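Please find the structures below.
Okay, so subunit A shows up in both of these, paired with subunit B first and subunit C after.
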Partner chain A sequence: MSTHSPDAAGQRSNRVFYWCLSLLGGTYIVLIVAMLVADLAYTSPQHFSAALAKPEIRYAIMLSLVSCSITAILSLWVGVPLGYLLSRTQFPGKTLVDTLLDIPIVLPPLVIGLSLLILFTSPPGRWFQENVMSVTYFVPSVILAQFSVAAAFAVRTMRVTFDQINPRTEQVALTLGCTRGQAFWNITLPEAWRGLLTAGTLSWARSLGEFGPILIFSGATRMRTEVLPTTVFLELSIGNLEAALAVSLLMIVVAVAVLVLTRTLGLRGTGLI
Partner chain B sequence: MNLAKTAFLGSIALLVGLSVLLYSQMAGDRGQVGPTLIVYCAEALRLPLEAIKLDFEKETRQPVELRYGSSQFILTQLDLNKDGDLFLPADDSYLTLAKQKDLIAEVLPLATMRPVVVTRPGFNKTIKSWNDVVAPGVKLGIANPEAAAIGKLVRDHLTKQGLWDAVTKQQPTFLGTVSDVGAAVQLGTIDVGVIWDAITKNYPKATVVEVPELKGITAQVPIAVTKRSAQPTQALRFARFAAAKDRGLEHLHKHGFQVADNADAWALTPKLDVYAGSMLRPAIEQTLDEFQKREGVRITTVYNGCGILVGQMKTGQRPDVYFSCDTQFMHQVRDLFGEPAVVSTNQLVIAVPKGNKHDLQTLKDLGKPGLKVGVGHEQQCALGAITKETFLKTGVYAAVQKNVKKYAPSGDLLIVDLRVGTLDAVVAYQSNVTPYAKEIDAIPVTGIPCAKPEQPLAIGRKTLHPQLAQRLEAALRSAESKRRFEALGFGWEVK
Partner chain C sequence: MIAVDNLRLSQGAFALNGINFTIPTGRYGVLMGKTGSGKTTILEAVAGLRSVSGGKILLDGREVTHATPAARGVGYVPQDAALFRSMTVSANLSFALRIRKAPLTEIERRVHELADWLDIAPLLDRFPHGLSGGEAQRVALGRALACRPRILLLDEPLSSLDEDTRDQMTALLLKVKQAHEVTVLHVTHNRREAEQLGDVRLRLDAGQIDSEA
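After this line comes the complex of A and B, so read on.
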């Protein structure tokens, strides 16, 4: 009789399999943790509190939180309809639209910023700024720069979400007399709430880290268009590495707090937490 | 209403609430005077400019926005955005580029900087010359020569010495700005970098090393007002503040910049006293007025015969600028002024009523019996002195003296007498006659060098505003000023 039963061999094989996956994936986790530890080691609580004491940095925190929230809401407002249309309908030019929506994702963020800058120096852009509101180098440009990139992620997420929702319940609703709109509001959208949460969180997080387009399109003006990534850049540019790192860690803390909160709210009632 | 619609309406409410919060938190214009001045500023000048901006806003309540970047980057932004009021590159070579694009009006010098080599903490190799900097195994970082002033100046200087090829062979790291280089050296990601001496304080962990091959490179840091500025007076005010020895230059000096010795003292509305010969009045009045308005300064001009003006200066008056009718009067007060520069010439003429009924063609004709002649007072004005000299050199002095009925302190007063008919002929300047060409004929006095005097301009040695005075001089030597001088019959001597 063999001392190695098929179950034991299988379990050993499974352990090896999981170890290999963990090793590969774990290297990335280790890299992230190593970066965080390196940042923490270079700064101190005194630098942290000195950074928070500066009114410019408090303003940057406020602007970052508010602008990211506005961007996330606006991203959902475009992400949901576009995601639904791309998932549920066929229309002329759908492939082109699909490709266009990838542009903000594949283009370097600096190019997005430059393109926005050029857009608002064109005659229609100038007319808008002279007659409606100032954009370039003012707060609306921060939101627009963030939105230009974040919305693309929201669209992708919502499309995948709607793709995964079985259209059958919607179709049943239609057979029971609902209009398309009623079916959307009463059936599809409630079913997509986790996707909404994910899209909103992703947009918010993406906006928080946006720097390149903001630097080009909004400038780096303290107490006006300075967001947290800009603060890191400004502190770094005057050699204040410790303050730059303190703000970087602050961004990490804020981002983690928001992500954990939204995920907790999203997973509540699922039995997973 | 179902949950989805409730959530949607909630998102609208949230959006409105966040927008209101943002609007209320944004820095407003409460108590501030005028639209914001936009300054495109090189990265290396960030710290002193932040301090200067705060002081300026406190003192004048004029809001200022600083936009930073490498020198080439801000030049591109300035050209693209068309909204900048001031341009502050790290070197005046970028001003040349900006002038080629016709972007720049006035320029004020601020400071100078020199590039130095810095080494990272723990770097244990000896650096004595540029060869050590580009030695194998040394990681060198330089700001991109295409974008940053320091990279460009170092590259150009080393190329002239035949040392740049060694740099490119070594394949250095090119970073976006000089601040990036400093940060990289401090962090230790590169061994050696080249940064401005003025910003070495920002990187206390780096070691500064003087390298002989970089000596001779000096960046002249200017601040320039743009031609597109919608508020040039306010822009000039900020530029004057930044360039003032008791304001902006104090901050620059504190941050390690070498500042100019002959800087202006700060005044919100500076005053300039200008002494000018009477004959220059019609040529320069408008230019002075435009300069006053644009700069936001007050100019007090004293027009008189140069003899009188020189007399006043000898008794203690000290104008900031003296524009003389003739070099001999400037010479009499040369110890009070810097090097004079000739701006114009003015032809001596015999002025007669239209028609020249006495048929006067030469100076000798002024001795015709019964003629009533007017000349300038030889001691009170350059006109008089030059006229006498001319009479003496042509040998007609005694003959003409018999007919001289009036000695005036200026040519303009002689023209008045001629026009009202109390004199038959006067010896004056062409510029005195040109405005009345319909009533008066002018016969030029030719063949005698002293009959075409030169008008030099000089700036007072003890003026509190030497740079402002230099800008005034530049305005008087400009193309528009030339047009005004020539329209009055002056010759133009500015090269």
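After this line comes the complex of A and C, so read on.
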């Protein structure tokens, strides 16, 4: 009789299988952890306080917080109606609209910045800047650059949210005396609160890391259009690695907090988290 | 009265033509048919949730073929109850009255009246999440009846319930029937339900409606 029973051989083979998977996948996990550890090892609380003491960096933090918050609200402003229409209605050109909405997600960020720059140097863009407000190289350009990308994520999140809500509840509300608008405000929107929070949070986080379009469309002027990614770029370009790293760590902390919040809210399956 | 006259409905490749039936005022009509025969489609057309391609729908003598669901004055209980998850049971029951801006005292009185009648008073402050199938169906029935509609539309209200709960719900629907206050259209694939409840029994087969004695 063989000393190796088929069962023992099978179990060993299973162990080898899982070891191989863990080894291959584990290299990526190690890379992520190693990057974070290296960042933490390189910096110190003194670097943090020195960076936070700089008025330019304080301005960048403030502008980042304000612009991201405005962008998140604007993203929801378009994300809710578009997500709802895509989820609940059929209309001519729906596939085209759906594809158009993915363009900001797949387009290289620099191209978005360049496209915005070109738009605002075209005759209608120039008219807007002369008669309504200055955009290019001013704070509104920061918000518009962030919004151009973040809104696409809000639309996708809201669409998934509305897809997950039973349309039957709205139909019942219609039979109970509601108009479409009343059914939406009273039934669907309150049921979508997790999705709203997720979409808002994702837009906010996405805006916080936005750099390419801002660099092209808003420039990198200190105390004017400098947001946190710009700070990292500017500090690096003058060789101040400590400040660049301190600001980077600040952004990592915020990003992780957002990730935890989004996961806690439990809206998975958006393809985004 | 629910009167459907030469109704035509189509959705993609599926179509129903020449649907005719009448359920007299205060009577309990049961529409039987196999799954996929289109009985829910007919119920949704009567509720105003589906546009029709021809024919007429009359509710209590008033033509409502193209009226909005809100204008039809119907109560509708879907198969899955579809309770409003962001509201308590009490708020679900009072929803139709609140939309009509009824006085608070009237809303309060009606909610308690319904809760007693449906035996769901202990559930009033709970949210739909965690209610049993039978409890959810009772709340859905109460929500549909809150405004005292003249027409009640029930889409397979017993199909997802276990046997005990089904008997309780059947007893409740018999109470609705005996009150003769509403005209009911109850859709089901279950013959026993039709025999227990129906004054008017209709069968949808191969796109045609036949009356059963």
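Everything below uses one rule, namely that the second predicted complex is superposed on the first by the 223 of 273 C-alpha atoms of A that agree within 3 Å, B and C clash if a C-alpha of one lies under 4 Å from a C-alpha of the other, contacts with A are read in each partner's own complex, and residues count from 1 in each chain.
Following the convention adopted for this analysis, a contact is a pair of C-beta atoms (placed from the backbone, for glycine too) under 8 Å apart; a residue touches a chain by one contact, two chains touch by 3 or more.
Since this is a predicted model, take the numbers as computed values, not measurements.
When the two complexes are overlaid on their common chain A, residue A:P190 makes contact with subunit B and with subunit C alike.
Set against each other, subunit B and subunit C differ in how many residues of subunit A they touch, and the higher count belongs to B.
In the superposition on chain A, A:F17 contacts neither subunit B nor subunit C.
By the document's definition of touching, of the two partners only subunit C reaches A:R168; subunit B does not.
Judged by the document's definition of touching, subunit A residues 186, 190 lie at the interface with subunit B and also at the interface with subunit C.
Here subunit A touches subunit C in the complex through residues 166, 168-169, 171-179, 182, 186-187, 190-191, 193, going by the rule given at the top.
Residues 2-5, 11, 14-15, 18-19, 21-22, 25-27, 43, 46-47, 50, 65-68, 80-82, 177, 179-180, 182-183, 186-187, 199, 202-203 of subunit B are the ones touching subunit A in the complex. Residues of subunit A that touch subunit B in their complex: 59, 62-63, 66-67, 69-70, 73-74, 76-77, 117-118, 121, 136-137, 139, 185-186, 189-190, 219-224, 234, 236-241.
Residue ranges of subunit C in contact with subunit A, taken from their complex: 47-49, 68-70, 72, 74-76, 78, 80, 82-87, 95-96, 99-100, 140, 143-144, 146-147, 153.
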